[in-house]
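Across the two complexes that follow, subunit A remains constant while its partner is subunit B and subsequently subunit C.
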Partner chain A sequence: MSELLLLLKKDFSIESRTKEVLVLILTMSLLLGTITAVGINSAFLSPGNLNLMFPTFLWLVFIFSSTLSISKSFEYEFRNDAIYGLLLSGTSSTKVYLSKLIANVVLSLIGQLVTFFVLVILANFTIPSILCELIIISALVALGFSAVSTILIPMSQTSKLKSMLLPLLLLPLLFPILFAGLELSAALFDSGKIDWGSSWISILLAFDVIYVALGVNLFEHVILD
Partner chain B sequence: MEKFLFRNKVFEAILFILTFLSVLYANYLIFLVVPNERVMGPVQRIFYFHVGCAIATYFSVAILLMSALGHFSNKHFLWDILGKVAGEVALVFCLIVMITGMIWGHSAWNTWFRWEPRLVTFLILLLILLGLNLLRSFGDKDKIPNQAAVFSILAAINVPLVVFSVKILPKAAQLHPQVVQDRGLKDPSFVHAMIVSMIAMILLQFLLTWVAGKIELKKIERELNLT
Partner chain C sequence: MTIVENYFFELRNLTKNFGLTKVLNKIFLSFIEGDRVLIVGPNGSGKSTLIKILLGLLSKSSGEIMLEGKEVNRPPLFESSFLGHNSLLYAPLSVLENLKLLLRLRDGSEELNLILEEWSLLTQKNKLISELSKGNEWRAALAVVLNRTASFLYLDEPTTSLDQSGRELFLGNFNKIALNKKLTVIATHDVRGLAETINRVVVLKHGQVSKDIRGNFKEAQLSSLYLEACS
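Let's turn to the complex of A and B:
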């Protein structure tokens, strides 16, 4: 446990010093959110239509901004093969995966909330008081998103295409949580509450549990030859 | 496995003969025996290839998962070759499913694509398989066997999740014919042709996997001889 905390401290220290992923995620969310809001504004969407379209815009902006920014999260581990030094220190690859997963969940959750507020403000979207439920759904989506992306980032980092390969590998695998996020947030914006017993919650939970378990067991094979 | 996979000549000959005869028989049934469907006419005949290829795609994904698990059990290089060719064959068959489905859909629904559960499932599967083949093409050569096996497991486990989630999407357009559930094949020759075409496509998929694997094996042996 103390090893995991040390690794977490290392990940958050790197982020607090460089602020690379955070700055990227905030700027990308702001930029993509603005471009989407320009589209909404020029299309003169009626409030009813905006209600229907808003979850799509929200998840679209989140997925693109997070995928592009989070691909930087292993930058320092792969520079000069520092990851092997980390593993030689005696820590297990599972702990490296878990610490990166937690850091990525936090960063993508921040990105998601920023995206939400940018879109709500710029698109003049009126919402019921739903922040608590939205954070729970966002956290579940962010966990699934980070569980898969944390396994795939080393694959893209070691490829010839570098970070450009990440969206090509990651996005097709995200469809189940994308559908779940869309349906749940649409219900939330529409009625102001969520049916916690719905199948979409089960899909989100199943996706999170399966992919975190797979990540814990398979991460070692991704970074080693 | 060392002596059998991609090397056993007897198995290869039997597989080739069985595939050749079953594809020939399936074509005979589809084009000469089965009567025209009442509403759609001759276009409906594409359905036999479409369903056969869809089943063959699932078989390829199963081989993909098996090769990934085999790779992690003993790291034999033949598992990696099997995974590589199974991924390529799965992509080809998935593409055929999409194209035949779109041709059929254009004639039946007057549109190339509908957001309908099974079409969406195969579209997502196509994107996943495309990602796998891109990883194989652009990944780090030393790490590809491990990384592709990991991605294959992630992809194979994603398939049931996609199938389930797509099924519970809002049902605006459940237009895909539920042939088996609704017992839509009334004429006995329809059922006969469907079973034969399914077997033919599955055998063809096995043969293509075998031949592609053999080519990969020869390439590796040639590289080893040159060095």
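Let's turn to the complex of A and C:
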């Protein structure tokens, strides 16, 4: 556990000094959120229709801003081959993966919250008391998203396809959790509550578990040749 | 009488391809405990690739790797200490933070201070790696590599970025530390000062072992072997 905390401290120290992922995710969320809100306003959507469309806009902005930003999260792991120094120091690849995963979940959640508030403010959306539930859904989606992207980003660094590989592989793999997230948040915006026993929750949790388990087992193979 | 060597680490008929390029071709190498191997050869002969395969960073294309009598896909990374063409340090972290993270040392510990002092890094300890000169970054990298408690030591061109004093510092430490390792492998184009430690020279040419000599070497012998290998 202390090793994982040490790695998390390393990841957040690097992010607090470089601010590269955070600045990118905030900028992307703000820009894309604003563009979407302007589009919503121009369409003169009725409050009922806005309620129906809001989750779609929210997750679209999430996909774009998170995919672009999180791809920077391995920048300093590969500069100087630092990640190999870490593995040579006896650190288990599982812990390296988990610390990256946690950092990426936190950063994508920040992006999601910024998007939410930008859309709410600029699109004049009346917030029902759903923030807590929305954060839980977002955290579950962000966990699955980060579990997959934390495996695919190092793959894309060493692949000839480079930056093309990430969106090409990421989006199809994310389809089940994004669909579950969309369905759950649509129900949340519609009824103001979540049915915790719904099959979408089970799907979301199941894919989170599968993706994290795959990530833990595949990370070393992806990092090494 | 047959002499049976106690090999603990063997490469048998090992080949490594990058795409269509064969970088290592049918390598047979066996190591006994206490081997301190100098690998020499011209650029592109496969020295770095061979070290990365011994280390476990690269996978083989074909052949066998035997460790302690068992076939392994790749040797375990955590048993090795390595410095290649990059410093393996985190650029946005300070020298001190890198040493603490990579050597598992506590802030203010005696060992940490000794390492910083020995490698003349005390005044630079709070500087980020990205702010250091290449020479000082390399000192920090060597401080990590040579102070790791690993059984295997692999170095690939370790003195490239060092000035004369850094080189002497490296040689002093290397010649002391290599004696306690199960296996030491160094690939370099600068063989000066290595004769007292090295007990085996492997010459690589076109991805194949062209010479493998054991013994006690003199400075002049190493130099001529190097020149012959690279001619």
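Points worth noting:
We take it that the second predicted complex is superposed on the first by the 222 of 225 C-alpha atoms of A that agree within 3 Å, B and C clash if a C-alpha of one lies under 4 Å from a C-alpha of the other, contacts with A are read in each partner's own complex, and residues count from 1 in each chain.
What we mean here is this: a contact is a pair of C-beta atoms (placed from the backbone, for glycine too) under 8 Å apart; a residue touches a chain by one contact, two chains touch by 3 or more.
None of the values given here were measured: they were computed from a predicted structure.
After superposition onto subunit A, the modelled positions of subunit B and subunit C are compatible, with room for both. Look at A:12: by the touch rule set out above, it reaches neither subunit B nor subunit C. Of the two partner chains, subunit C is the only one that A:85 touches; subunit B does not reach it. In the superposition on chain A, A:76 makes contact with subunit C only, not with subunit B.
Of the two partner chains placed by superposition, only subunit B is touched by A:173; subunit C is not.
The partner of subunit A that touches more of its residues, comparing subunit B with subunit C, is B. When both complexes are overlaid on chain A, the residue A:210 reaches subunit B alone and has no touch with subunit C.
Once chain A of one complex is fitted onto chain A of the other, the partner contacts of A:224 extend to both subunit B and subunit C.
Superposition on chain A places subunit B within reach of subunit C only down to 5 Å, the least C-alpha distance between them. Applying the stated touch rule to the two superposed structures, the overlap between the subunit B and subunit C interfaces on subunit A comprises residues 224-225. If you check the complex, the residues on subunit A that touch subunit C are 6, 10, 13-14, 17-18, 76, 79-82, 84-90, 224-225.
Across the interface of their complex, subunit A is touched by residues 72, 124, 127-128, 130-131, 134-135, 138-140, 142-143, 146-147, 149-151, 153-155, 157-158, 161-162, 164-166, 168-170 of subunit B.
Subunit A meets subunit B in the complex at residues 148, 151-152, 154-155, 158-161, 165, 168-169, 171-173, 175-176, 179-180, 183, 199-200, 203, 206-207, 210-211, 214, 218, 221-222, 224-225.
Those residues of subunit C that touch subunit A in the shared complex are 52, 56-59, 74, 77-78, 80-82, 84, 86-93, 97, 101-104, 128-129, 144, 148, 150.
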